[in-house]
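Letters A, B, C and D name the chains as they come in the text, with residue numbers starting at 1 for each one.
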Amino acid sequence: MTTNRLEAFSDGVLAIIITIMVLELKVPHGASFEALEPLMPKFLSYLFSFIYVGIYWNNHHHMFQAIERVNGKVLLANLALLFWLSLLPFVTGWMGENDFAKNTVALYGFVLLMCALAFLVLEKLAIKHEGHESTIGQALTDRWKERISTGGYFSGIIIAFFYPMVSLLIFYGIAILWIIPDSRIEQALNKTPEN
Amino acid sequence: MTTNRLEAFSDGVLAIIITIMVLELKVPHGASFEALEPLMPKFLSYLFSFIYVGIYWNNHHHMFQAIERVNGKVLLANLALLFWLSLLPFVTGWMGENDFAKNTVALYGFVLLMCALAFLVLEKLAIKHEGHESTIGQALTDRWKERISTGGYFSGIIIAFFYPMVSLLIFYGIAILWIIPDSRIEQALNKTPEN
Amino acid sequence: MTTNRLEAFSDGVLAIIITIMVLELKVPHGASFEALEPLMPKFLSYLFSFIYVGIYWNNHHHMFQAIERVNGKVLLANLALLFWLSLLPFVTGWMGENDFAKNTVALYGFVLLMCALAFLVLEKLAIKHEGHESTIGQALTDRWKERISTGGYFSGIIIAFFYPMVSLLIFYGIAILWIIPDSRIEQALNKTPEN
Amino acid sequence: MTTNRLEAFSDGVLAIIITIMVLELKVPHGASFEALEPLMPKFLSYLFSFIYVGIYWNNHHHMFQAIERVNGKVLLANLALLFWLSLLPFVTGWMGENDFAKNTVALYGFVLLMCALAFLVLEKLAIKHEGHESTIGQALTDRWKERISTGGYFSGIIIAFFYPMVSLLIFYGIAILWIIPDSRIEQALNKTPEN
């Protein structure tokens, strides 16, 4: 099976997830700039959710550029990733509504961790199906980014019950780490002449 | 006519259906984990709706991998399938809101039955148009899954008026039956060299 | 310019329009079937809106199967069609909310008329760009369906101020006329060997 | 990397943005045409938002017709453009709700300016990646439209604090300037034989 339709469906779901939070930005009644102030946390959480989903779209795009065929297991792993990503707007909203309380930051980190694990499972199943000699197999021999992220989210969840602000710094640090697209795959694609 | 655009439109509608229920998960005001408890039925129904629509997407994808050309009748049958699937979030929500009352489980089963029948009609029209010698015709000579599902939904609707929990078990059992992608089509595709 | 992206964008907008009304079906609190009764007009208007947008998608699909290249004017005409179609859920809702009052049926007919005219303009611009010798030009030499529809909508708007039910019958009759996909284009496509 | 998926994702996000405002058109309870009057500002802002997003889609489409390959930076610039466009419905709504008060027109102009700058950055990065000898590089040597727009938005923001109606005229004038698709790219595409 080719990857076209998996990509199209994922694009559709991600496009909806990325724009869901803008619906939360209700127009205030006053015309002064002060009337916009109560919306700032919601705006910031929209911005952050947009960046995070954007990063996942970016890396999803990079990964499937290097994948040529998928099977039923890869389709299911992709659905699992979309499910966890779809919970991001909710947990970001809960965190913003409660001024970054301990519980809310911990749950937020948990959903980020599940997204990362789902992405990892998707990557592993794709490599297994394509073969370690394939473009994707060659590109992802070393997974330091994935290891750092998973460890970071995990420790962030525990730290959240003591110093939630430290957890947020960890989560934002991981986002910056991933905002640079996966140059490993771009390099591997350049090596293979047929791409 | 090729199947590209039918698939793209279906992907769009399914992507919206699958994410509609996440809009029902309203952010609670408290920061404690207890504040999330009242959301659990809605969360579970979102999860279940996600899985069910995901299964349909998966099998829709498998079916159209084996189909090369469509006609006007197939387009109409596809619209009918999308219509019944779009009612899933509503009936799942009604069931969750009323603690799985008899009526709600019966209506839920009815919509699942109509989705299954619409899928069956779509399959039959596609085979008729492609020919019994085609990839899809060869793949779907035996329809035990379709027969079990239709029978299961039908008996589930009647049982719901007496033991709604038994009906739910039947519906979840059918979901598990379908979560394994249609290997018949994967096998048939592997047999035909041009795919 | 090829038609791929125009089709993809139109599919996205139509997929959203077609599912917007399902959001209006709010889950009722009671578990009895009587609790669903107040939702029937909304359900019927959702069903009708689904069918109408489905018909437009279907004919849009047929038309662009026969079109190979588009220019800027065709893109703008397509946007105009999408705009009028996006107003369908609103006018259908207004009509359902007010038990098919005269004004509401007239406005409803007006939006249907504008959709039909926008489709006609799109068709004309496409033929002009492709040439009268092209597949689309050959397929649409005779436009009796378009003429009947436009006339029907126009008279329906005026009749609505006296007998709104007659107008509705006219509108539903036109829908049935179009539910059969445009076989003229299917025939013309079959004549041209390269499709 | 090819541009297919960037276009598909952008189409999805733009399709959602363009239809978000139709959700704001709540069905009024009365059946008289007067009952629709309070909706007129919302309808006009929906129309305007539709036109503006439509223009951006149109020019985005034209630009990527001339682009063959993208890199990670272009993907990020595209996400930035989508983010600013997604704020258009909110600022248009705030302006309509407050009868075009000074602050609201200024913020509205600010978002239009950020969209224009994001589009400019995207264009520059695309040309840098494709090379000045490429189709896109040849098409966009002269950027008078971009310069006029940026200047117009900038002065419009400042003028809004004194004469908001003048700012609106400037913004609408720029929209008309862009409603004519980028014929520079159409001409350059016609020159290159492979397109």
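Structural remarks
The rule we apply is simple: a residue touches a chain if its C-beta (ideal position, glycine included) is under 8 Å from a C-beta of that chain, and two chains touch if they have at least 3 such contacts.
Every value quoted in this text rests on a predicted model; they were computed, and no experiment measured them.
The most distant chain from subunit C, with centres taken as the mean of CA atoms, is A.
Of all residue numbers seen at the subunit B-subunit C contact, under half occur in both copies; the interface is built from largely non-matching residues.
Per-chain Cα centroids separate subunit A from subunit C by 38 Å. Separation between the centroids of subunit C and subunit D, computed from CA atoms only, is 27 Å. Counting partners per residue, subunit C has 8, 12, 15-16, 23 as the residues that reach two or more other chains. Within the complex, the subunit B residues that touch subunit A are 7-8, 11-12, 14-16, 18-19, 22-23, 25, 27-33, 36, 47, 50, 54, 57-58, 61-62, 64-65, 179-181, 183, 186, 189.
Only residues 1, 5-6, 8-9, 12-13, 15-17, 20, 23, 71-72, 75-76, 79, 82-83, 86-87, 89-90, 93-94, 97-98, 101-104, 107 of subunit B touch subunit C when the two sit together in their complex.
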